[in-house]
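Order as written gives the chain letters A, B, C and D; numbering starts at 1 within each chain.
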Amino acid sequence: MELYKNGLNVPEILTRWYESEKLLNYGAFIPFVGIVRDENNISGLSFDVYEPLLKNWFENWVSRAEKDGAKLKFAHSIGDVLVHESSYVSAVLSPKREVALRLIVEFVEDFKANAPIWKYDLIDSKRIYAESRSKKIIGSGLLA
Amino acid sequence: MELYKNGLNVPEILTRWYESEKLLNYGAFIPFVGIVRDENNISGLSFDVYEPLLKNWFENWVSRAEKDGAKLKFAHSIGDVLVHESSYVSAVLSPKREVALRLIVEFVEDFKANAPIWKYDLIDSKRIYAESRSKKIIGSGLLA
Amino acid sequence: MVKIEFLGPINREAEYFNIKNLNDLAEILKNDSELIDWLEKSAVAINGKLVFDRNIELKSGDVVAILPPVCGG
Amino acid sequence: MVKIEFLGPINREAEYFNIKNLNDLAEILKNDSELIDWLEKSAVAINGKLVFDRNIELKSGDVVAILPPVCGG
């Protein structure tokens, strides 16, 4: 798991992951790159991350992928990421194409639903919580 | 569509695709990289390509993706590709994550089933048609 | 003392309480009008692990995190 | 003349025939014992497009490709 302040260096990350894994006999390498879109008059997005739980969430996914003989990679931004920069890169490596395609879908969808990361729109230099796009984590309401 | 003799330069391809598309307001970039596995005592794989039909097949997919607001990329090897090198890279770009995840699965699966590419195992410097892993193209048997 | 962290958009300094479990914490926090809306939509982690039971015993040094709705990527 | 290409593992030089459609081609090729197994599992393209009808009219200069089972990637 890799966390970086501000936008990600996508070519560096993808090249490093590919070069470090290509001799390990995985047949399929499927990255997912999230790029900040120019929309809603934002100048960018900003992110808070709760690292202890994120680490835990990711390690659970690593174990789950290992049972399928697959490996996962994950990088995310902290702080401001401007429009057309990237805030999120993950990847699945697997001996089997079918497993890799299934896992990248499941992993990215679960990331969206449960990774402890908070998103803000950057508008007029202000940080506005993206509440309507946010999702309650499983188990929410425990203290209500 | 890009065809190359022998193994692909994956970092160059992914970097070029990312850099050329990142300003075009796609939110998700999902590459698929196929790496030749060390198995069955092969030294590598070898490929024949029928370029006129491949071009046609790919252009149909480009049109289909455009209807969803998405873009497709495709690179493949011709000739010999050694173990741990890559023979196939494709990618989907889309404003929406869900569309990109769906398309990469559909595109890669249809590629496997219908792209006019023939695969051979390289064993003891001989080229052996990978018949048992090959699939009949839709419409096969027309002349039988 | 148990440390309570309010994450992301709750935007509030951590606080320390002498509590035995999450029932105690709920009793304290429900009187805080700033927090009441957040509690309904927030999950809870103890020492970096999500929990789903208010009766889990807390000890001094534990860290409880209040996790509002998320949106990574 | 219509050019017939035998692709991939069929591993055979192209041939030229004076034919009006794929029925004519099937008549010629079915007598070739080397090809008979390939025809059952091969698809057919005319000028780079897959076809599914043996009655499509062929004209001189057309290229017919015989496409055995594929496995890209």
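Here is the rule we use: a residue touches a chain if its C-beta (ideal position, glycine included) is under 8 Å from a C-beta of that chain, and two chains touch if they have at least 3 such contacts.
It should be emphasised that the depicted structure is a prediction, and the values quoted were computed from it without experimental measurement.
Chains that touch both chain B and chain C are the following: A. Computed from the mean C-alpha positions, the centre of chain B lies at a distance of 24 Å from the centre of chain D. Chain A and chain D have CA centres that are 49 Å apart. Multi-chain contact residues of chain B (touching two or more other chains) are listed as 34, 97, 108, 112. Residues of chain C in contact with at least two other chains: 73. By the definition of touch given earlier, these chain pairs are in contact: A-B, A-C, B-D.
Interface residues of chain A, counted against chain C in their complex, comprise 34, 47-48, 50, 52-53, 55-56, 76, 87-88, 108, 111-120, 129-131, 133-144. Interface residues of chain C facing chain A in the complex, by the touch rule stated above, are 7-9, 22, 25-26, 29-30, 39-45, 47-52, 54, 63, 65-73.
By the touch rule above, chain A contacts chain B in their complex via residues 10-11, 14-15, 18-19, 22-23, 25-39, 84-86, 95, 97, 101, 104-105, 108-109, 112.
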